[in-house]
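Two complexes come next, and they have one chain in common, chain A, joined by chain B in the first and chain C in the second.
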Partner chain A sequence: MNAFTYATAHSPASARQLVADKGAYLAGGNDLLGLLKEYLVSADILVNIKSLPGLDKIERGEKFWTIGSLVTVAQIEDHAEIKETFPGLHEAASEVASQQIRNVATVGGNLAQHSRCWYFRHRDTQCLKKDGDLCYALNGENRYHSLFTGNTCISPVVSSLATIFASLDATAIVLRDGQETRQNMAELYQRAWENPLAHNSLKNGDLILRVEIPTTRSRSAYLQVSDRHAFDWALVSCAAAADVVDGKLKSPRVALGSISPVPHQVETANRFLDGKVLDNATATQAADMILKDAKPLEHNAYKVPLAHALIRRTLLKLKGDA
Partner chain B sequence: MKNSEPENLGAHSRRTFFKSLGTVAATAATAQVQSVAAELEKINTEKIVGPNAVPVTLRVNGEKLQLLLEPRVTLLDALRNYSSLTGAKEGCDRATCGACTVLLGDTPIYSCQKLAIESQGIEITTVEGLAKNEKLSKVQQAFLDKDALQCGYCTPGFVMSVTALLKKNPRPNADDVKHACAGNTCRCGTHPRILQAALRAAGVETASKTEVVDYV
Partner chain C sequence: MSNWPAETKYIGHSTARIDAPAKLTGKARYASDIQAEGWLYGMILRSKWPAAKILSVNLDKARQIPGVKAAVVARDGSFTIRFYGEEIAAVAGTSKQVCLDALRAIEVQAEVRHEFVVNENEARKENAAQVWAGSPNVPATPHVRENGSVDTAFPECAAVIKGFYTTAVQIHHPMETHGNTVSWTDDGVTAWASTQGVSSVRDGLAGALQLDHSQVRVITEYMGGGFGSKLGAGVEGALAAKLSKAAKAPVRLMLTRFDQSLAVGNRPSSFQKIKMGATADGMLHAFEMENYGTAGIGAGGDSGGGSGSADIPAPYIYKVPNTRVKQSAVAVNAGASRAFRAPGNPPASFGMESAMDDLAVKLGMDPLELRLKNDPSPIRQREYKLGAEKFGWKEKYQKPGSSSGVVKTGIGCAGAAWPAGGASRNTQGEAQINPDGSIEFRLGVQDIGTGTKTVIAVVAAEMLGLKPEQITVRVGDTRFPPGPGSGGSTTCGSVSATVFDVCTNALQQLQTQSGLADARGENWFAACKKLGVNPLVVHGKWQPGLTADHACGVQFAEVEVDTETGLVTVKKILGVHDCGLIVNQVTLESQINGGIIMGMGYALYEERVMDDLSGVVLNPNFETYKLPGIADVPDIEIVLINMPERGVIGIGEPATVPTAGAIANAVANAIGVRVCSLPITPAKILAALGKVPPATA
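On to the complex of A and B.
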């Protein structure tokens, strides 16, 4: 790691001022220290934000719950009422990395983490995401890469929390230029869809303050498949959430991770599922719609049937049958 | 890179702070003295330090460690290279293998992916801190009894993960142990014995010494 200065901020405003143009916020530090050790990012100052007041709380509300950006993934996993109210969020949190990482990893850091593409993570590779000319994955080793992209970089979003938050239609509240801005998960990652250099839509100095989850969807589920049974990134992850009235889905949302630079959501499928009674045929039709435009590469075509199965299973889990 | 204190830290600039002191001085009361102290503390903690070495105080295994460290020094390096606590091991140095696991408070963390400077003010426990009066902890003893190691490099990390699990959940089942130890890797492949040791430390005996415990 290159040398840096260090400060602890006690208010979001001073954190922003301290981080200035070339600094980085330090919370759990899992992603940041990894990037610094590989010289993939540089920072002249690390601003410890863990003392920012009020951001480490999970607050229940009638219409929505608020999860502070400094809440750790372990806090979510261990929260009995989250398990009851948002079971999919509990499942997603418990699949994140390992106990040691969940203990320090924060919601904000999980959402803002950088690409895991091995060409991006290799310090000697000057790929598209690092302002180079070429995506080496496109014609290279691409078994972990995207089925969808809006640009020429095919590294997928890997945040499990982003996937489940997307299905719950959660909103991130981001402090930008002194103002609180609201971004749903599609907006929070939109720039990664368009711009190969971007990992998300956050600009330099933006600070995620909290996430609001509406309570309108009483059921949620999350499933992922990885090479390893535990402590591994998802090959594909799937989250679904809905309310169920008289056996029929209400406001259903499905989102997938690790197959696109953004949480993959298809509105026509959500609309198709709305008002339907879930059964295998309906789930299959929805999965067909969600994956219709997939563009598999040389080594990742297996992700299409995998995602298809995961969508069906997650939807049926929502129903309580799986 | 700036090494000195900045002139202005927004709401907490020294100048505006001392200016405001002037106006409250006339009505100074105990409460205000306290708020002044709080304000001063805030300014001091928002001070920019480094990149050169700065004093860092760690509380490790009940003792105070006063070190002079650059802000970029990880907790693992501080323990191993700036003091004599080599119990936590360096494996991957990328928060992947678990050999560097220590407890921060009661929770296991990877000390390689944590800065020493941000680990101040919380009790840190390394494997050296588990034995009391020359007597091994229950978990350590169980690792010995079950012969749950070969080369032993990953052992301190596993011992810390299991120790933390038993603090949180004194009667874990095999799945709980696997979930808690998923972030530790043993390249000798001693996982079945480690699982047995963890269960033994919890007072949950497995059937026999030769039983093969599935660890997938």
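On to the complex of A and C.
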């Protein structure tokens, strides 16, 4: 890796100041250190944000829960009341990587992680995402790539937390230019939809402080399928959340990961599901709507039936025993 | 009849690895643990182009970096690069970062060639880029073997199937990467090598460095797996030595996982077009196969190194009166193949056993019955019957695709053969018996993780009437009497017979010198004491009548397949194996467990993925080169057939052969259609089920 200096920040403001315009925030380091070692990212300073006060807490609230950006994925997984209140979040957290990674991976780092596209991650391919001229995956090895995109890069978002947060309509509170700004998951990734160089909508120096999850959806579920049972990235992941009143869905949201540069959400499908009693036929119709505009490529078309199955199963999971 | 004792205390029982405590406590020293005085890190600069002509390599800037102690070129003058990752130069320095910086400072002038090909099917096309200039990627004439007449035999068949069964390139990924610590001084070269063959590495290094064999010493106290890929010194070994000479300091050059994915060998792919027919009673009558595969640059043209071949045995373990087999290797711009645990056999087993099940379906026969009809080996016949009983084959077997529900279950089986597994007849060893009764065995073999040291201790304890923990075992040093390279599953037989001979000689001499009629067991110490002040050193070598070859083995698999997601779950593998006389049961079972898990990886996960456009290996790490993890490993049951009358036979290789075939057959049995291509991924399952829409782009 290239040489850098290192500093520990003790307040968000000083973190911002230290990182200046060529630095990077260092949280758990799972992603950042790999990127630095492969010369995929270079930073003149690493600003350790792990000592920022108060950001490592999970706080319950009446209307919403707050999860600090330094909370680890393992903390979420192990939190008994999260399992109770947001079962989908517990399930998503427990599917992230391995126990060792979950122990250090933070919520902020998970949301801000870079593309896992194997062309982007390869030290010797100069792809679009690295400001090269072409997307190698488009006509190449695209088995892990997107069914949807708004630009010419087909690398998908892979954060499992982003998928479940989207279905729970969670909001990231981001410190930007000295102001706290609010971005839902669609907004947090919108720039990756538009711009091949982007992994998310964060601008240099933006600091995720926390995530707020509204308590309006009492049911949530998350499912993913990988190539194997041992820890592995999702081929497709799916999250769904809703309240259920008199057996009918209220404010349902479905989101999918690993098939688009953003958590894939289709509002017409969410509206269609609103007020419906869940059964196989309804779930199937919703799945059809969600995948209607998919543009499968040579090697990733299997994601269409896979996503379809996961949408149906995740939705039916919402029914629970009630 | 073999000459092994009939009544045993240790042979055929279970002795825990004698070096387990050293391994568990970290006391065991592997090649990368050696901290020779003043040692440096070594690293290799690899080509970032799949094809190029290197015009010049300038090391000056690299040498100027503080901490860099040496830099050498991989080859002098101008040379041709034929695959992404081929070695260009190497550096030694005081830290990893210093080396990394130095690699980036090396100036390479190259003519980059845009004509290259990394895909077997592209490489076969007429106008494909030539990997070896001037010679076609596929030799003009394939290797052909013919028996009887397939052309007249096929019309005589009651059922004929055709299939195209393919297997992917499997990369060598032992847990310990390839590498050495090498120290070159005026006295000669010492290499602490991660190798399967201390002798072959010594000879290889001596040749590469133009030294006498006697000037090179190779030490391998412990090593973390090789599976066929660590029999030679490798480019990395010779480079480490050159760096050490230039730096006048020991150099530790261990490859990274990335390096490992490119240049230390692999199992060739296979594309097996099979046509097979049987008569109405289920007897195989005609078999025709055309197969090609790639051994990377080690195929086609003037393939100097590598295995140079992608041929597989066919029709594998079966006897078919009429056969025609045509095979050829296709050269591509990728790292060369190397021997890989049972070379040729797992792909052969997968193709043939898949064809067998497809034929059984066509004949309306139970696939196990078809095997019992056609398998010429009485040992496998016995194993199939025993295994079927244990596995509950009859109760579990359902017609393909007839299991109900979304998640379907299926079962399958397959057989193995391993022609080698005997012994190297040149194996020698010695024991030093001290007057205090302590005894040390010294053999120039290496324990590659299979438990060789423990085997030596077990056999010696048995023969001498001692306990295994009373035996000191030293291996992995070219100063010891020469042993074989650990290849072909021959090590166990080689050392068992040699230790038998050493012990026989030792007892004879000890009895003569001490005057005791029997120096074994409780008389041991008294006999040794009579030696006076001088220890007794006795030699021995492999002797006939103690070892054999040709192990068999069959495996049964039970799987669940989610027909909506394509996910395969292996629920159970039952392995029924034989390897002559069982020397040590726990380490034997460990070999079979490992073989099965490796076979699972081959069946379901492993595949080198290369990019046509850039020529790079896209999955050069364990994130995307997928190996089975513990969560994937099913219930493994092992049934052993002990055949002391045959003598000792190795097991390492046959254990991994039938797993992929058995799993593939179980998957086909579950879903009612066959996935003809390894690895069997969710994507391929969904495609086989006809669920995947066409691409739109």
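Here is the rule we go by: the second predicted complex is superposed on the first by the 320 of 322 C-alpha atoms of A that agree within 3 Å, B and C clash if a C-alpha of one lies under 4 Å from a C-alpha of the other, contacts with A are read in each partner's own complex, and residues count from 1 in each chain.
Just so it is clear, a contact is a pair of C-beta atoms (placed from the backbone, for glycine too) under 8 Å apart; a residue touches a chain by one contact, two chains touch by 3 or more.
Model, not experiment: these values are computed from the prediction.
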Chain B versus chain C as contact partner of A:Leu46, first or second or both or neither: first
Which superposed partner A:Ala230 touches (first chain B, second chain C, both, neither): both
First, second, both or neither for A:Gly140, with chain B first and chain C second: second
Partner chain in contact with A:His122 - chain B first, chain C second, else both or neither: second
Chain B versus chain C as contact partner of A:Ala13, first or second or both or neither: first
Touched partner set for A:Leu310, first chain B, second chain C, both or neither: second
Partner chain(s) touched by A:Lys295 [first = chain B, second = chain C, both, neither]: second
Intersection of the chain A residues that touch chain B with those that touch chain C: 1, 229-231
Partner chain B, residues of chain A touching it in the complex: 1-11, 13-14, 17-18, 26, 29-30, 33-34, 36-37, 44-46, 48, 50-51, 74, 94, 97-101, 103-104, 229-231
Contacting residues of chain C [partner chain A, same complex]: 48, 84, 97, 100, 564-567, 569, 604-605, 609, 611-614, 616, 618-620, 623-624, 626, 628-632, 681-683, 686-687, 691-697
Chain B residues touching chain A - in the complex, by the definition given at the top: 1-3, 9-12, 42, 45-51, 70-72, 74, 93-95, 98, 101, 104, 107-110, 113-115, 117-118, 161, 164-165, 178-184, 216
Chain A to chain C touching residues, read off their complex: 1, 116, 118-119, 122-125, 136, 138-141, 143, 225, 227-233, 235, 295-302, 304-306, 309-310, 313
